[in-house]
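Presented sequentially are two complexes of chain A, the first with chain B as partner and the second with chain C.
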Partner chain A sequence: MTCLPDRPPGAPALGLVIDLDTCVGCQACATSCKQWNASGHSGPLPDLHPYSAGAEGVWFNRVHSFEAGEGAAGRTVHFPRSCLHCETPDCVTVCPTGASYKRAEDGIVLVNHDACIGCGLCAWACPYGAREMDEVAGVMKKCTLCVDRIYNETIPEALRQPACVLACPTKARHFGDLADPQSAVSQLVADRGGQALMPDLGYRPVNRYLPPRQRQAESQPIEDQPTPLDIKNPLLRWMGRVLTR
Partner chain B sequence: MKPAPSIVFFTVASGAGYGLLFWLGLLRPTGLLPQAPAFALTCLGLSLLLITAGLLASTFHLGNPQRAWRALSQWRSSWLSREGVAALLTYLPALCFGFALVSGASGLAVAAGLLAALGAAVTVWCTGMIYASLKPIAQWHHPILAPGYLLLGAYSGMALLAAVSAIGGVVGGPASFIVTLGLAGLVLKLAYWQIVDRLGPAASLASATGLEALGRVRPLDPPATETSWLMREMGFRVARKHAAVLRRICLLLGFVLPMLLSLFAGQFGGGLAVLALLLAALTVLAGILVERWLLFAEATHTAALYYHG
Partner chain C sequence: MPEGTTPAVPRPPVDQHVDYSVPVGDDVKSTTCYMCACRCGIRVHLKDGRIRYIEGNPDHPVNRGVICGKGSAGIMTQYAPAKLSAPLLRVGERGSGEFKEISWAEAMEIATGWLRQVRETDPRRLAFFTGRDQSQSLTGFWAAQFGTPNFAAHGGFCSVNMAAGGLYTIGGSFWEFGEADWDHAKYVLMFGVAEDHDSNPIKLGISKVKARGAKFVSVNPVRTGYSAVADEWIGIRPGTDGLFALALVHELLRTDQIDLEFLARYTNATWLVVRNPGGADDGLFARDPNGKPLAWDRARGAVDAALADLSPVVIGEQSLPDGRRAVPVFQLLAERYLDAEYAPDAVAERCGVPAATIRRIAAEIADVAFNQPLVLDQPWTDVWGRTHSQTIGRPVAFHAMRGISAHSNGFHTCRALHLVQMLLGAIDTPGSWRYKSPFPRPIPPGPPPAGKGAKPNTPLTGNLLSFPQGPDDLLVDDAGTPLRIDKAFSWEAPLGLHGMMHTVIGNAGADDPYPIDTLFMFMANMAWNSAMNPAEVIRILTDKRADGSYHIPHVIYSDAYFSETVPYADLILPDTTYLERWDCISVLDRPIGSAHGVGDAIRQPVIAPDRDVRPFQDVLIELGARLGLPAFIKEDGSPRFKDYPDYIVNHQRSPGVGPLAGFRGADGNKKGLGEPNPDQLQRYIENGCFWRDQLPPEQQWFKHANQAYLDGAKAMGLIPNTNQVVLQIWSEPLQKFRLAAEGHGERQPPAALRARVARYCDPLPIWYPPLEHEAQDLGHFDLSAITQRPMAMYHSWGSMNAWLRQIHGANRLYMARTKGEALGLSDDDWVFVESRTGKLKCQVKLMEGVNPDTVWTWNAIGKRAGAWGLTEDSPEAVRGFLLNHVISEWLPAQEGFRAANADPVTGQAAWYDLRVRVTRADGPPVSEPHFSTLREPPNAPRRIEILQYLVKAKA
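Up next, the complex of A and B:
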C-alpha cells in the first residue's frame, strides 16, 4: 500500500547523521554503497559504458562539493546526498502500484522491484533527487539504508551498519534511531545543530546534516613561518639567506 | 523537466479526445449539434481513438509496461492511479453511448453520454493533479495548473467537434464556442506564464544543503563527470533559450489563428467553413503540443539545485 503506514508510538526512525565538518569528499561512502548494493536487495545496479566515454549508472549516494560563504569566511563543503527516509514522503504516496512503501517498524523507505512499473513519478515527487531509474531493469531504485545488512545475523554485530557508514575514513557518517532523543545520533544532532534539508516542503526528512563548525577567529595556519623580512637582526637575516641557498 | 514525447503526446491526444467526448455527451441533448447518429458515432469514434492512442503512448513511458495493470490499485493516495481508474471507467458509459446510438435508444444515449462527459472531465482533472501535486516543481505545484489541463482539453475537444459538425452541416454554434474557449485559454496561458516568470524555485541550494548559516552556496564539483538519468530527467535545460519564441508560436498556432479561422467560418459558412474549421482543429492541436512541451521544458525541479545551484 502506498498510503503511509500508521507508525506505532515509539517505533524507531532509522537514519543517518552526516557531519559536513569532517567529510573530506573522498567518495568512499559512494563506492562502498555501490559495491554492497550491486547485489542483494537492489542488485544488480547498472553501469553503462563503464570503461569508455559516457560512463554512467545508478548510485544511491552521490558526493557533491559546494562553496559556501564569501571571501575569507568562504569554504568548500563536501556533501554526500542520499535518501533521507522522510516521515511523510510523497515518493511513497504518488506511487500508483504500491511498489513504493515506508516500513512501519523502522521507517525505512523501500521499493518492491517486482511491482514497480518504472513510471518515474516517485523520482519527480522526491525533492532531494534520491531515486534513480534502473533503465536496464525498468524499475526505480534507491538507498535501502542497507536493510539487508543492518538486520543480517550472518555478519558480526559490529558490522550490522550501512556500508557507507562503515567505509567512512573520517567517521563523518553515523547511523541510528533518530526518533529516540537519547540515542547517540540524536545527541549529536542536538549538540551540533543538525539540519533537515528543505524543511519548508514538509517531507519531514529523518536524516540530518551537521553544519561545519565555526572557524576560530584568531587561528593562524601552522605553515605561516616568518619570512626573511620578519627577522630584524641583519646577521641572522644574512645567515638565513645563505643557509637556504 | 524532460518533455518525454510519449507523455506530451498522451496528454495532448487524450486531452483532446476527452474534451470531444465531454462536449458530445453534454451538447448533443441540447440540439446544438447535428442529430444524425452518424455524426455522434463519428465523434465518439474519433474521441475513443485519440484517448486510446494517448493511453497506449503513455505506457511507452513505463519501464515495465506489462505491469501497467498494477497502477489501478493505489487510487486512495495516488493521482496517477486515480487517472488510470477514471480512464478505464469512462470507457463503460462511452461504449454504452455508442451502443445506444447504433440501436436507436435515445434515452439511454442521453444518460450514457452525460455519464461519459462526467468521466472525461474527472479523468482530465486527475491528469492535471498528477502534475499539480508535485511539490518539488514550483511551476506545476500551483492551483492554476489542473484547471488549465481541463480548459485546454475542453478547447481542443471543441475544435475537433466543430470540424466534424461542420462536415455534418452545422457551423455557427460550435465555431463560436471555439472563440469563447480560445479566449479563455489565451488568458489562462498568459496568466500562467506571468505567474511562473515571477516564481522562484521551490527551494534554494542553501536550504537544500542546510548551509544557510554560512551564506550563499554554489556548486563547485558535481558528483560525476558524466551525466546520469537524474540529470537527463530533472536537469533538462535545452529549451530555455527558445522559450520566448516557442511561447509566441504556441499563442499564434494554438489560439490566435484558430479563433480567426472560426470567426471566418461562422461568417461565411459552406464548403470554405468546413476547410477553415478542419484547419483550425489542426492548428489547435499543434499549438497545444507546443504548449505541453513547454510546460515540461520550463519546469524546474529542486533536485537540479544540487547540480546547477
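Up next, the complex of A and C:
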C-alpha cells in the first residue's frame, strides 16, 4: 500500500476547472491531450486495432455526451472526464508498489511506470474512471496535468498549460492552483458555484466543474394586443412618416 | 495569445520520475490547418522530421490559438495507411480495383493525351470538378484556360444558397463573407448551423456571448453541439425556417418595430418599382435617363434615390414623369408580409413552433435592437459626406448555415433571414452581423459567368462561376438548352453560382445536354458520401455503351487517400497531405478576412512526402503547360511556372492583382495591388503563414455606406468602385428572370420551365414546402431525415484517422423517444429507413432533443468496406450507414422534365428535404445497402494491430 504525502495546509493543488456552460462536446480536449501525451511523459498511448474493428486506445481525457431531462425541457450535456487529482485518492493508497503517487508540492497524481506492475487495483479504486491501462506495456497511465508542459522551460511561459486547456475552442477549461483562494481558477469557482464531482465519496477531488449558467429568461408571452392590423389600412402609419438621410 | 487562466506555478517539485523540460521538438513550422474547411492557423512541432505536436497559432486571426478536435488529430491523418503512394493506372474493369503503379512521367503523358484530344476537338467534353478545394482561384482559372465551361467545386452541394442569398441581397453572406459581432452582440439567433463550419470562430464567439450574459437562441431540429449550450433551443421542423423568418417579418411590421431610417438610407426600400401588370417593365425599378433608380421625394417627387437630401415617401403609388405608375419597395414588402398568411398563428403548426414563441422571439429581438442599442463613441462618415459622431448598433446578430442551405427553399429562406436583419437595421453595426472583408461588394458582385462560345484550343474569358444579372447572362443556347453539363446558370438554376457538382455524373450518364469524354475530379468522393445517390453514380461510372466502351470514356481522379471513388477512376494522380504542400487561401477565392479587415493565408510544406506523390496544384500547372494553355506557358512555349508556389507569387490575374494580397510590391510593402514580390512567401512564413490588414476603427462599421471604407477597399482593388452598396430587399435580377418566364424579352425559358421560373424567381423572399415533399405521401413518409456534422469529423476526412474513428466509428439513426417507443423500438434496435427511392438498414438511438417529426444521423460516418485503409470488419462498414442511399438526385419527373433535387434558383442540392418511413428490421446485424468490399490499391501498407505513435525528444 502506498501512503499519501503530508500536504501542508495551503500547499498548491493544481487542477482543472471545466465549464459545463460552454462545453459543446467538440472533443478538442480529448485529441489535443492524446497527441501531446502520446509523445509526452507517459507516451506512447497505444491504440489497439487502430484500422479495424474494436479500435480502442488509451485516452486520458474522454468526453461523454448525454441528455438529462425530458423533451424540450431537458438538456444535452457534454461532460469531459479526466483525473481529478484528488487530495485523498484511493487510487494511490491501494497501489501495492508505490508506483501511484501524489506529489506533496503541487498535488498532481502520477504513476511511476517503472514501478507499476499493471495490477489494475487503482482503476478499481478510482470511482471516476480516470485510469487507463496500457495493455502493451502492462502499466497504468493517466492524466499528468501535462506535467511535462506546465513547468517546461523550453515552452513560452504563457503556453505552460495543459494541452487541453490551450486547445479548448470555447475556453471551457482553466488550469491553476485551486488551493489558492486568490487564484483565477479559485475565483472562477467562487463566482460560478463550481462543484466537485461526487464529493460524498470523500476523495476530495481538486478539479471543479462549473454548472451551466442560469439560462437567459424568456420574456413574458406577448398577448395578441390590438395591432395596427386592426386599423383599416395598416400601411397608412408609414405614409406620413418623415424620413431623412 | 490564448486567454486561458495563466497559472502561478513557480518551480517544479523535485521528482526523479519526471523530465520537466523536454523540448517539444527540434523545429516548429506555421501553416494552415485543413482537417476541415475553417482555415485555422497551426504550428506544427517536429522532431527528426516527424510530427510531435500540432497546436493552434495564438497569433492567428481565425482561431487565436485554439484548435479543435479534428485539428488536434492531424498527426493521424498524416500517418494514415490509407494514403495513396504512387500514380495508378486501371488495368481491370472500373470498380474492380485492379490498378498498376506507374511513373509520374507516364501518368502525365496519359493525362495530357486524353486532355489534349478533348481540347483540340470540343473542350466542353472535359468536366473538371473539385471537392472541398481551397485552390479554386487556380482550378477555376485553369478550366477557363482549357476552354471548358464545365468547372465547379463543392459549393453547389454545400452552401450556394447562403452565398447567393447573401450576395444578391446584402452584398455579403453568412459564414464566408460575414460573421456575428461576437464581441458586442446582446442577442444571437442561430439557424441550422452545422457544427463543422467556421467552427473555432463560432465556438470562441459562443463562449464570449455566454460570458457576457447575452441571450443565445438556436433554431435547429436537433439539440446537439451549439444548440446544447443555447439559452433557448427551438426544435423547428426541417425546411420551415423561412416560414418562421417571414412570421418574424410579419410581427415586426405588425408591431411597427422596424428601423425605417436604416431601410431608407441603406436599402432599396425607397426605390420605386414600376407597376405595370403584364408589361415588360413590371416589377423593374423606375430609373432616370442615366439608369439611376428613382425614389419619391416628399417635396420633389421622383428623384435619384441616392440623393443626400432625399426625404423619401415609402407608401403610396406614384405617377412617374413618363406617366407610368410605381410604388416604393417598402410598400410591396409591407403589403406582402402583413398578410395573415404570415401570421405566427398561421405558420406555427407547419414550423412545429408555437405561435407564442414566434411572437416572443420577434418581441425579444425588437426589444434588443431598439431599446438596447449599442452605442460606440466612434465617429464615421457616410457616403453622403456626413460625419456621425457615434456608431450606433442594433446588437442582434444572426448566423445561419447548412440547415438553411440544404433545402430546395434555402435561397429564399436565406433572403428572408437577411430581410429580418434589414428590418432591424442589424447589418454591419456594432453587435449585429458584420461583413468580412473583402465584402461588401456590389450586388451582385461581378460580371456574368463565362462559358459561352466554347471552341477548340481557345480559353474562355472571365470567371466560370460568376454572377448573372438577368436572362441574357444565362449559359443557355437559343433554345434554352444548358451550355454546362451540370446545368448551372440555366433556367433550371439561374443563380447556380457554385455550379452543381451533384448533377454532373447523372447528366453525363444521360448525355444531357451532351456527352462528355473526360471526367477530371479532385478530392471529391463522388462514388460515396458526396453523391446524393452513390449507387447511381457507381452505375454510371461503370456503364458501357453498345460498343463496349465506357459511357464516360475517361475518369481522372486526384486524392491523397484511398476513398470509395478511387476504384472508379482510370488514372489516379496521388495528392500530398495538407502538411506536405503549398496552398493559398486566396483573396481571389474565399480568403480569411474578418470584420476587422481583409486577410489571406498560405500553407507551406512542413514535412516531406515519403511516397511517390505530388501536390495536385503542381500537377495541374504542369498539365496546363503541357497542353499549351496560354496563361501557363511563356512566349516560347516553355512552362511559365515552375510549380504552385511560383504561380502563387508570380501569377497576375490583372495588373498588380495576384493570388495573395499581402506583402506585394518589389519590397513587400504594398497590399492588395502591387507587382509580384519574389520574397512574398517568405514574408508570409515569417508572419505565421497569414496576412491581415487591420481596418482603422472609423472604417469598421456600416461598410456598405462608409466612405472611408469604400475608398480604401477600392484602392486595394477589392471593389470596382466606391459607390454605396445599397442592400437589395427587392431583387431586380430575379424579377428579370420572372419577366422572361412571363413572355418578355429575347431570352425566355423553355415552355416546360416557365411556370417554375415565374414562381421561384420572386423578387421578394417567399416560402414554399421543400420540392421533394410535393410529390409524395407525407403521411406514409412521415419523418423528415437530415444529417448533422459531428464536431470531431469532417465529412469523409476522418475515418482513416486512428484517433477520430475511435470517437465516431459507427453512427445511429436518432429519433424522438416518443416516436421510437410508439414503434416499440429501443436503443440499438435495427430499423429500415425507406424513402420514395430507396431503403437502408441501420440502428436507432432514441433521444429527447430532436424535433419529434425528424430523424437524423451523423454525416459521412458510414464507409464502404475496404476503403480508407480500414478492414472490412470495421464498424464504419458493418454498422455505419449513409442517408445518401435513400436520397434521390432527381425530383420525380414531370412531363418529361427531370429536375435536380435542388433549389430551383441556385441549384443547391436539397439534401435535407428527405422524407422517410422507419420500421423495425430483422436479419443479420449489418447495415444495408452493403456494397462489395473494395480491393486495396497495389502496395497498400500492412495494417498494424497496435499503434504506438511516439515522437519523443530527449531532455
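The rule is simple: the second predicted complex is superposed on the first by the 213 of 245 C-alpha atoms of A that agree within 3 Å, B and C clash if a C-alpha of one lies under 4 Å from a C-alpha of the other, contacts with A are read in each partner's own complex, and residues count from 1 in each chain.
We take it that a contact is a pair of C-beta atoms (placed from the backbone, for glycine too) under 8 Å apart; a residue touches a chain by one contact, two chains touch by 3 or more.
Remember, it's a predicted structure, so these values are computed and weren't measured experimentally.
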A:Asn112 contacts which: chain B (first), chain C (second), both, neither? second
Which chain, chain B or chain C, is in touch with more residues of chain A? C
Have a look at where A:Glu56 lands relative to chain B and chain C in the superposition and call it first, second, both or neither. both
Quick one: is A:Arg237 in contact with chain B, with chain C, with both, or with neither? Answer first, second, both or neither. second
First, second, both or neither for A:Ser39, with chain B first and chain C second: second
Classify the contacts of A:Glu153 with the two partner chains as first (chain B alone), second (chain C alone), both, or neither. second
If you stack the two complexes on chain A, which partner ends up touching A:Ala30: first (chain B), second (chain C), both, or neither? both
So in the superposed three-chain picture, is A:Pro181 touching just chain B, just chain C, both, or none of them (first/second/both/neither)? neither
Would you tell me the residues on chain A in contact with chain B in one complex that are also in contact with chain C in the other? 25, 30, 53, 55-57, 59, 65, 67, 69-70, 74-77, 212
For the complex, give me every residue of chain C touching chain A. 1-9, 11-13, 15, 17-24, 47, 52-56, 58, 63, 65-73, 75, 81, 195, 199-200, 203-204, 206-207, 210-211, 213-216, 223-229, 231-233, 235, 253-256, 260-261, 264-265, 270, 298, 307-316, 330-331, 334-335, 338, 356, 359-360, 362-364, 367, 384, 386, 791-792, 800, 802-807, 809, 817, 847-849, 869-871, 873-875, 878, 943-952
Which residues of chain B touch chain A in their complex? 1, 61-65, 67-68, 70-74, 76-81, 84, 130, 133-137, 202-203, 205-211, 213-224, 226-230, 233-234, 301-304, 306-307
In the complex, the residues of chain A that touch chain B are 1-3, 20, 25, 30, 53-59, 62-70, 73-77, 79, 81, 90, 92-99, 115-121, 123-129, 132-135, 137-140, 195-203, 209, 211-212
Note which residues of chain A are touching chain C in the complex, please. 12, 14, 17, 21-28, 30-32, 34-36, 38-41, 43-53, 55-57, 59, 65, 67, 69-72, 74-78, 103-106, 110, 112-114, 136, 147-148, 150-155, 157-161, 163, 165-177, 180, 183-185, 188, 212-213, 215-216, 218-219, 221-222, 224, 227-229, 234-239, 241-245
